[in-house]
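Shared between the two complexes below is subunit A, which pairs with subunit B and subunit C, respectively.
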Partner chain A sequence: MEKRVTFGRWTIGILFAVPQLLLIFTFFYWPAGQAVYWSLTLQQPWGGGNIWVGLDNFRSILANADYWNSITASLVFAGISTGLAMVIALVLATLTDRQLAGSRLYRVVLIWPYGIAAPALALAFRFILAPEAGFMAAVNKFWPGFWDPGLNGADAMASVIIAFSWKYVGYNFIFFLAALQAIPRSLIEAAAMDGSGVVRRFWDIQFPLITPTIFFLLVINITESFQDSFGIVDIMTAGGPANATNLMVYKIYSDGFRGLDYSGAAAQSIILMLLIIVLTIVQFRFIERRVHYR
Partner chain B sequence: MVERTPILNFFTHLILFVGFVFCVAPFVIVAIAASHNLKDVNDVPMSLLPGSDFWVNIKTAWTTAGLGPKLFNSFIMAAGVAAGKVIISALTAFSIVYFRYPGRTLIFWLIFVTLMLPLEVRIVPTYAVVANVLSPYQAIMDVTGLSWLIEKVSGVQVSLSLGLLNSYTGLIMPLIATATGTFLYRQFFLTVPDELTEAARMDGAGALRFFIDILLPLSRNNMAALGTIMFLWAWNQYLWPLLITTDQSHATAVTELKQLIPNVGGAPEWHIAMAGTLIVMLPPLIVVVLMQRWFVRGLIATEK
Partner chain C sequence: MTIIKRGLAALAAGALSAAFAAPAFAEPVKFDFWFGLSGDLARVVDTLCKNFNASQSDYEVVCTSQGNYDATLQNTIAAFRAGKQPTVVQVYDVGTATMMLSGAYKPADKLMEENGYKIDYSDYFPGIARYYATSKGEMLSFPFNSSTALMYWNKDAFAKIGKTEAPKTWEDVGADLKALKDAGYDCPMAINISGNESWQLMEQFSAIHNQPIASKNNGYDGLDARLEMNKTKFVQYVTDLKKWYDDGLIKIKSKDLGQDMVQAFATGTCQVIMTSVGDHGTVGKTQKEGMNWDVAELPVYAGTERKNSLVGGASLWVLSGKSDAEYKGAAAFLNFIHDPKTALFWSTNTGYIPVTKSGFEYMKASGFYDKAPYKGREVAIASLTASEPTEITRGIRLGNFTQIRAEFGTQMQAIFANKESVQDGIDALVKNGDAILDRFQQTYPNKTLP
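Let's turn to the complex of A and B:
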């Protein structure tokens, strides 16, 4: 779509874009380029010289068991938390989409979790899931040693997954509800007249029509699980115990700023960037297709 | 719906109620824990009846973490990012939609690409840029030989340096540097009828006048939606402020939460930690409740 009427003087036109261009050059393109450069050199922390090493940084990272452990942890985290957040949100959205008394209230409240900062909800869940106080301690009394995220890697992973899913149920809910409400009522009513039940209607009408949203949210959730997990991990487990929750973005931070290994952190950033770029491209291709059939 | 499905309705309500509890329980538990004293909060299991120390704990959390100035910093950062995004996105979209110039498509794509890479993955070099925000320009001058030329001609050695660590500018600018919002405005501007532009031009309005007097008032809804979502997003930022605010004067409320984690060995002061958590989670929650409509609309529009 193009405008027929435009303002002719093109020099002024570019001026309007200059603030944005300056910002993205300084804080986006330059650092992104810098990351590529650093990943190919051996960088001394806080200035000093640097030596061109080619792909050595990548080689040493990919040879490092800790890094593979971090990739595995990220994938487990992404898979389980995305699955949980999507399924729970879809069930809740489908049910609130039915016009029943009180569904308005549910719609309002179910959105709240998304507004909460990841570290705040992480601290809340750290308390709720603490092994020595409150509710999990009561469980531990019955079944000693059942729950200890401080020592048990699986428990720690479960904690961060619960906190992340809780937040993203709210987010996914908004999109699922919007998609469900966009389906014409008449379509569902017609099916009801033909005698198909609620479950049948869901699988035959609603579900196929919201697959674009499901796919979109899948990509968004996975992408966010690679970045938004930082605050949750930092507050709840700090990557522990024994690296069990040392997710990719957390490892970049701890290697880069605590270990002062700029080159290693940059190489890890590049790998994560590529991962996210692939996911984003998939998403855009898909949205393009979706625009055609709407 | 015409049909009667009492059993299904019952289960719908049941599941929704469970969902409701699942969603609200953490808020309630945080609030209750914040009202207990040290002994009660560590009871196994913790009593779900509110204690009487709520205000005492709020006050303790407020003073120990110094939340007053930190909430102020959070507010400045969130408002700055929201305002910056709203203004800069509108300007860029105006340029892309209402002008024809060479390189317009290139600019469009340059902006589009920024949607792909979040700050978290380019965090290390972004930190270096903020430590000296003029370093990219220094590097360009060095590589192009401009610094050499200036030194030859004037004898002045060029070394540009401007650190933005521990400053509001450093907190805000890198967060504005993505294109979220630009496409929201672009979509909206494309729906504004050409006749309006034509009429404005016939009345002798220039580009700037048209932008300020006609286009911006028309996009009030967009501004509210984008402003709300960006305010929340910025308020909830953690990694970036954690890195660049090395001294307390510019720390934000969200990063201060870390100070409230009870340390191992000492008395687990969960009541204070939860009081602090409540204070920090309240402002975004209020924004969500008040601006729910805009928030939802903005979220759906910016992401799709």
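Let's turn to the complex of A and C:
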């Protein structure tokens, strides 16, 4: 007796997809759903009584001046650090793309920063940018009070932006270099023979051809600056001074974990998620139109 | 892979021990103890645990550092929600109100009674015991590592301005700092204004001056207590500190800026600091060669009748949902820690103070406080026992106090950066802090503090 199991195409497809779907459900949708539920209740930290409060958590957050301050700080941080990380990486990638002696060495050196864990990086920058030690101490000797991240919010913001951009320069560099190297040499050589200079060749040939990469990195950088900034802020400024660097993701952490306000933190993470979705949609609708895919 | 391997190993080990364990030689009952100290202090706790395990054969405590107080509480809550909580956990002072409403503990005094240990609770220093006791005086947790804030002063620098004693009043502090500045000291006094400094700048100051932090006797009498320090002597204190900062008599020192207060003092950079007696050992170990220094009680404003200062540190909670055998072990462990000999070991190696009168007497009798590196630590006991605790100085019982401390740091930074006036900053601290208390009260409707 022979038993044969046959699957239709449809069942096979589902079977193969099940492990993946289960993983996605367990690690993405279930926690996200949990966050939505928590944001609509008041959670007692130790469990036990949970009180349904509807949209009260959102109302109280949006009525809180500190929360708006943290949104502004996040936007400033995202804008400046993304801009810095992308421009610097593009310049460096363009330079190393050319046939220079030692360009392989530069490549390795420039890719390194991305491999450094955020906390280690933040710790290093905390020393580098400390007002009473190292380089900034010398600057402060010349201009007393010039650099004071302990009390000056702008200085503190500058510190975390520098650390974050430094890390993402390495990341962006990898992509830019790959994109530049994918451009056929013949195009550039032809332009060179026609007598166009380096700048002209860059703007007319290379830049348009790497716009897909630029767009991709823009989306990633902005998203990451909202989410990956946590480790750097925690170690360098802990959100201070006077909330100047209390970015949204850091406020979620400090309210939720240190303050044990799980519901308030859940509501904030829902808002952060919505903000990132909106920002991504905006980028796709308005910036992607200017991207040339080959 | 490793998880599977470990699982197999555990299975094999389990099978082996089941096969070979003779019923007559019962395995010791194991139970978990989670704590929040790290580094040097964690090693002392580990030794403490080893000593306990060596002292008897019925129980075995497994001690695990969770890194810091915040993480310990977070991890314990996560473990509790998953039903995998430790038997004993160390919770910091400001987590007390949260613990009391958690419904997740077994009262320590009941535990001891059920297991036949007679503890004389009047032996605890009242200022320490009442922080962790209910309003009726029941001990829900046992004080473990305790400290209080002291003023550290550089005798050499003060000798230059003709002083042989630490300033006793804040008026004197102002004059002395000015004199130190005039004598050429660039940093007469160092402070830090992060959230954690709330402990000594706001809480200790308020206790010593018998000024409330919040209504309802600092929250002991109800969850509807609200902050009040914008109407107390605390405003004057911050005003003075800010003025001295503006005049260059005070420098802000923190780890983020490259050098923390304790380092600034130990290296002789700054001449006065206020910090925990727990740092006494660190200053001794790291001080500049030949520097003469001492500790004194925190100053008060002239005309103030000094009250006891507040205890800082943490206590040991026994969590609910464990077996009777584990509770027996936990009781034996708490009893071991309560022992004066353990107090001597603990204080010698850490800088924390003994929490019981008998522990203190035992240490005095053994000559501890006469020896060079430990001399001065008895000032902490004097400060904690300066008076019988009042309704206000027995402690602070406010929900989500960690967040209120963070708010303290935020507003102090705004004040010192000239973004806000002193009064406005403290008003904002009260307003935002009240919102935090409000939220805590909403989370626990119809509940009252024990």
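Heads up, the rule we're going with is that the second predicted complex is superposed on the first by the 249 of 294 C-alpha atoms of A that agree within 3 Å, B and C clash if a C-alpha of one lies under 4 Å from a C-alpha of the other, contacts with A are read in each partner's own complex, and residues count from 1 in each chain.
Criterion: a contact is a pair of C-beta atoms (placed from the backbone, for glycine too) under 8 Å apart; a residue touches a chain by one contact, two chains touch by 3 or more.
As the structure is a prediction and not an experimental result, all values here were calculated from the model.
Chemist: Counting only touches as set out at the top, which of subunit B and subunit C does A:P241 meet: first, second, both, neither?
Modeler: second
Chemist: For A:G153 in the superposed arrangement: first (subunit B), second (subunit C), both or neither?
Modeler: second
Chemist: Touch check for A:A133: first (subunit B), second (subunit C), both, or neither?
Modeler: both
Chemist: Name the contact category of A:F257: first (subunit B only), second (subunit C only), both, or neither.
Modeler: In the superposed model, A:F257 contacts both subunit B and subunit C.
Chemist: If you stack the two complexes on chain A, which partner ends up touching A:D66: first (subunit B), second (subunit C), both, or neither?
Modeler: The second partner, subunit C, only.
Chemist: Please write out, lowest number first, the residues of subunit A touched by both subunit B and subunit C across the two complexes.
Modeler: Of subunit A, residues 126-127, 130, 132-134, 137, 257 contact subunit B in one complex and subunit C in the other.
Chemist: In their complex, what parts of subunit B are in touch with subunit A?
Modeler: The contact residues of subunit B facing subunit A are 1-3, 5, 8-9, 12-13, 15-16, 19-20, 22-24, 26-27, 29-30, 33, 41-46, 88-89, 91-92, 94-104, 107, 110-111, 114-118, 120-130, 133, 136, 173-174, 176-179, 182, 190, 194, 197-198, 201, 206-208, 210-211, 232, 235-236, 238-239, 242-243, 254-255, 257-258, 260-261, 268, 270, 273-274, 276-277, 280-281, 284-285, 287-289, 292, 295-296, 299-300, 303-304.
Chemist: Per the contact definition, I'd like the list of subunit A residues that touch subunit B in the complex.
Modeler: Listed in rising order, the residues are 1, 3-7, 9-17, 19-21, 23-32, 34-35, 38, 88, 91-92, 95-96, 98-100, 102-103, 105-106, 108-121, 123-128, 130, 132-135, 137-138, 141, 166, 169-171, 174-175, 178, 188-189, 192-193, 198, 216, 220, 223, 226-227, 230-231, 234-235, 249, 252-253, 256-257, 262, 265-266, 269, 272-273, 276-277, 280, 287.
Chemist: So in the complex, which bits of subunit C are touching subunit A?
Modeler: Contact set of subunit C toward subunit A: 70, 73-74, 77, 80-81, 98, 102-104, 194, 252, 254, 256-259, 400, 402-403, 406, 409-411, 413-414, 416-417, 419, 432, 435-436, 439, 442-445.
Chemist: Which residues, counting only subunit A, touch subunit C once they are in their complex?
Modeler: 42-49, 51, 53, 60, 64, 66, 126-127, 130-134, 137, 149-153, 236-238, 240-243, 254-255, 257-261, 263-264
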